[in-house]
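The following pair of complexes shares a single chain, subunit A, combined with subunit B in the former and subunit C in the latter.
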Partner chain A sequence: MRLMLKQPSVLPGFGLTLGFSVFYLSLIVLIPLSGLFVKTSTLSWDQFWDVITTPRAIASYQLTFGASMVGAIINGLFGSIIAWVLVRYRFPGQSLVDALVDLPFALPTAVAGITLAAIYSPNGWIGQYLDPLGIKVAFTPLGVLVALTFIGLPFVVRTVQPVLQDLDREVEEAATTLGANRWQTFRAVIVPELWPALLTGMAMAFARAVGEYGSVIFIAGNMPLKSEITPLLIMTKLDQYDYTGATALGVVMLVTSFVLALAINLLQWWSTARHMNQ
Partner chain B sequence: MSIQVDHVTKRFGTFTVLNDVSLHVEEGELVALLGPSGCGKTTLLRILAGLERPDQGRIFLQGTEVTDQRISERRVGFVFQHYALFRHMTVADNVAFGLTVLPRTQRPSETRIQEKVRELLGLVQLQAMADRYPSQLSGGQRQRVALARALAVEPKLLLLDEPFGALDAKVRKELRRWLRRLHDELHITGILVTHDQEEALEVADRVVVMHQGNIEQIGTPDEVYENPANPFVYRFLGDVNVFHGRVSEEQIEQERSEGRSGGTSERAGEREVTFVRPHDLELSRSRTNDDQVEATVRTVLTAGSRVRVELMSQISGQAIEVELTKERYRELAVGEGEVVFVHPRHRRVFKMPPP
Partner chain C sequence: MKDREGGKLIVKIKHVMSITVVLAGFLLWYAAVQAAEPAVILNVSYDPTRELYQEFNAAFAKYWQKEKSQAVVVKQSHAGSSKQARAVIDGLDADVVTLALAYDVDAIAKVRLLPSDWQKRLPHNSSPYTSTIVFLVRKGNPKGIRDWDDLVKPGVAIIPANPKTSGAARWAYLSAWGYALKKYGNDDSKAKEFIGKFYANVPVLDSGARGATTTFVERGIGDVLVGWENEAYLALKELGAGKFEIVTPSISILAEPTVSLVDKVVKRKGTEVVAQAYLQYLYSDEGQEIAAKHFYRPRTEAVAAKYAGQFAKVNLFTIDDVFGGWQKAQQTHFADGGVFDEIYKPNK
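Moving on, here comes the complex of A and B:
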């Protein structure tokens, strides 16, 4: 009996395209990543555990994942507002604002890092006003958060924007005729529609932030146990020719990111699947 | 709730959607706004709901002016063509929505809301669907949910924007009869927007025929159908044969002598156009009087309850459509290519400005 791997389809080329997809993904994603695991496996389990649980490593995980998460949440909130303004209102300079949103995408991360460090340092444009208030941004974990928020913004705006654009105005009008005020309409009608896209956008912003290096190192100050992110720690280990130590930390980041991404996907699936089954 | 629309004008840019429209609707009436797309009927409905603001003119509901009142204060139920259900909510939550957003002081208790939802779903015959999501329902069911949702807030006025427009013919027919029965039970003032003349004539107490932002005629379905005020209404309410000039010299002479078309004040260049419905044309095999047009049978369509005969006038070459009962068709037994004589039982003569 033939194994039925595919549904009969009128579209040709299933075998060819699937074959290519698997090959391409292996080449670009799977093989390099498995190299990471292979290299790490030269460590014994105990050695591995020791490398990844040093206080310095743990502090760096906390900063990397914590700041990325907080940054993603901040972007979720303000990115939605920006998407809302861009979709719902017409104002002069709109296309300029629209283009500005993409800037964190386009800017080399090192440039972003240097710029942020310059304006948030105690004598910088913004830093000089924050410093007397006792708020230090540059060279502290707060600076890391600023950088990670900066680079994640476009992801949220660009995923929420099209969904907001396609949102049926009649549904909002229906809510209004039923007596809902603006806030109730927003909360009960618009947010549930945006939620899946918002989750995707935040997940992407988070993933990007976890892997961010260039913009962070300039503003973070990179003090071990305080403002050092995991990617920098990996770099440090590489500089000391500790390749297996670097890949061990890489494995931790990879596994954690994967688990978080999976969790977000499941959450998203759960929030859409309920009412989308035709 | 009685409605008074007082000289309302609405423009979108330079385009005038409603041109000085006035209308009065009695309490408990079901009125149809009928017209081709772009005639302004939906805009008028949206102005009544408060979804649009008129540029000029005023709206009175129950005698009080509401032109500047917020939508939520008008207590108006609105049903959209494409249902506009909340797709992330169950049917029951959709229906309950209007009650759950009430301020805490006016909001009924949770059990009372559930009771009310059950009641309304019973009214629209969808009790079994309470826990489904809109995507799991058919179009007709979705529109009934939308109606139940609109009724939940006990509106004094129900506005329906082409509610059956997106449904197939059979469901549409069922639903409009059901809507009429519902209206007779609830005695709620209703305004129905439609471009389907059959729907308007069947459901409404009165029909408002609109065209290019103006009201062309207001009347009961019988009035507008039997006595169209102008050529537009005549054409819009059903199939029609249009005879430019005259059906025959004699016939016009006859009408003149009866004074029906008031021919004495005729201005130079004004044309007279005769309108006859296909079922008001009588066929005979031989010439029986002078008021007849000789024509050749081109096609005969016997499908359905009536027979449609397409003729070609031998004088002008114009196509004429005639509708006969099956019995009459059998009596006549005309076939394609044969010559018959056409005689109008009823006709309307309108004066048209010079082309």
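Moving on, here comes the complex of A and C:
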């Protein structure tokens, strides 16, 4: 009996669970999203193309995807460091720091946006010191980046942390006894283990940032062509009762996000496979 | 013996009486509950009217109780004007809408929730109170802003909201345009140039009027906030007169926030009579006084005269006179590819 359980192919209930999964995914994800495509299909191809290629729309894609990408990379770097510190060291107040990481998850995004805007505006706590240096954060694209970095942090930390925890210290010690210096150990032993988890975390942070609306609009300044994100453009279209235009932009975001997510998954799959072969 | 029987009788009478009292009490309670079953109506409004309707709803409930001995509970909902219109279109059960501009009510009429001639059903284009667009500047008016002209000077930072999403911002845009038309003798291209310079001086474009107020007041951005007159007075009242000043331009638009019954909803809910009375009560002396107290310009002459000292004199023009109505203004200026979009074309 035990032996049988260990072989998933013999485990009963495959049909039932798969059926349920497909049904559930359809209900929650596919049907609402196909509604998006159905609504957009009332536009002709030319109209659709006109809507999604206006200079304002293109500027907004660049900002949304660009800032999300940069934010994810920043989080990849600093999120890993935080995860490292949390796993490898013991210090007083550690559980507090651990809990702090989750705050951007739990905080309503609008609250985050208002707080960030208040702090980074020219008369805010941090903004007042940056302003004389000619650095403007709030109400510029830089502000968008700050907000997107803020909300993405937990994703990286929470995906890297468990992998680091499972990483045997003995492996590192073995590397050292075999004559590797610290850098070699880091590069050849730790990074390959962490890499897939790190990529996943960054991909999730990126996806979250692309869809982010609440926190960004408060700090972005929302100037057309400069600091206007695509979700805001969608909201603007809705406020003008232009439902089809809004869904057209939605489709662009959906397709782009899907392609990018797929690419990251492939990259992750490829790097894992390469790591296995080594 | 007799005594005992008499005693029994008394007990019996007492018994019957207590049952009667309980029954009567129950009936009274039941009747009270019946009477207390209040009419509930929902007023879907835009952002800055929150305080106005809080007071007005209480006044109307009192009036309705006295007139018809029926309790009425008015629920209110506030957000950006077009967002609210969209919520009603998408099925929010509003008995009445009280929105920032007629265009948003027109959008509801388009899906046939109310007749397309709704604006003729109540006096003054269905707009019981009006407002206009004024400037709020920092204490001492350091940039010396007196009129629309001063806003387009280099080095002045203006905080309006985004006209695509905010009702107040649309009124502000049209005000500036109207001023420019008058100044340059109805030359559309000059007006366009003026409005281009106007938005070149805008550092932050909030999506709603309240957001713009926050940016200007709390974040300390910009030299002048361009927005609702009632919001400007409210900001002065809330934040103390010491920090800001109101500047009224020489000419501005007569902003007419409009109200309407949502016919389909009230017919279904059976609230037509009370909802209708609610809107009409806005035109009563008490309704007008409450509006004036919250810095909306009243329509009734008597009330207007009473509160005349509160509002600065300003030449007001209407959207129908200068722009030929909301549908036309929206099409020319704010629709996709309209004049506002032209301003934000990238420099070639």
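To be clear about the criterion, the second predicted complex is superposed on the first by the 263 of 278 C-alpha atoms of A that agree within 3 Å, B and C clash if a C-alpha of one lies under 4 Å from a C-alpha of the other, contacts with A are read in each partner's own complex, and residues count from 1 in each chain.
In this text, contacts are C-beta pairs under 8 Å (C-beta built on N, C-alpha and C of every residue); 3 or more make two chains touch, one makes a residue touch a chain.
Keep in mind it's a predicted model, so treat the numbers as computed, not measured.
In the superposition on chain A, A:T200 makes contact with neither subunit B nor subunit C. Using the contact criterion defined above for the overlaid structures, shared-chain residue A:V171 touches subunit B, although it does not reach subunit C.
Of the two partner chains, subunit C is the only one touched by A:R56; subunit B is not. After overlaying the two complexes on the shared chain, residue contacts for A:N75 are found with neither subunit B nor subunit C.
Legend: residue contacts after superposition of the two complexes on their common chain; A:P192 is shown touching subunit B, with no touch to subunit C. In the superposed pair of complexes, A:T64 makes contact with neither subunit B nor subunit C. Of the two partner chains placed by the overlay, only subunit C lies in contact with A:P122; subunit B stays clear of it. Once chain A of one complex is fitted onto chain A of the other, the partner contacts of A:G179 are limited to subunit B, with no touch recorded for subunit C.
One of subunit B and subunit C touches more residues of subunit A, and that partner is C.
The interface of subunit A with subunit B does not overlap its interface with subunit C at any residue. Residues of subunit C touching subunit A in their complex: 80, 82-83, 85-86, 89, 107, 162, 164-165, 202-207, 211, 215, 218-221, 334-336, 341, 344-346.
The residues of subunit B lying in touch with subunit A in their complex are 49-51, 71-72, 76-78, 80, 82, 84-89, 97-98, 101-102, 133-136, 146, 149-150, 152-153.
Those residues of subunit A whose C-beta lies close enough to touch subunit C in the complex are 54-56, 59, 117-118, 121-124, 138-139, 217-218, 221-225, 232, 235-242, 245.
Against subunit B, in their complex, subunit A makes its touches with residues 168, 170-171, 173-181, 184, 188-189, 192-193, 274-278.
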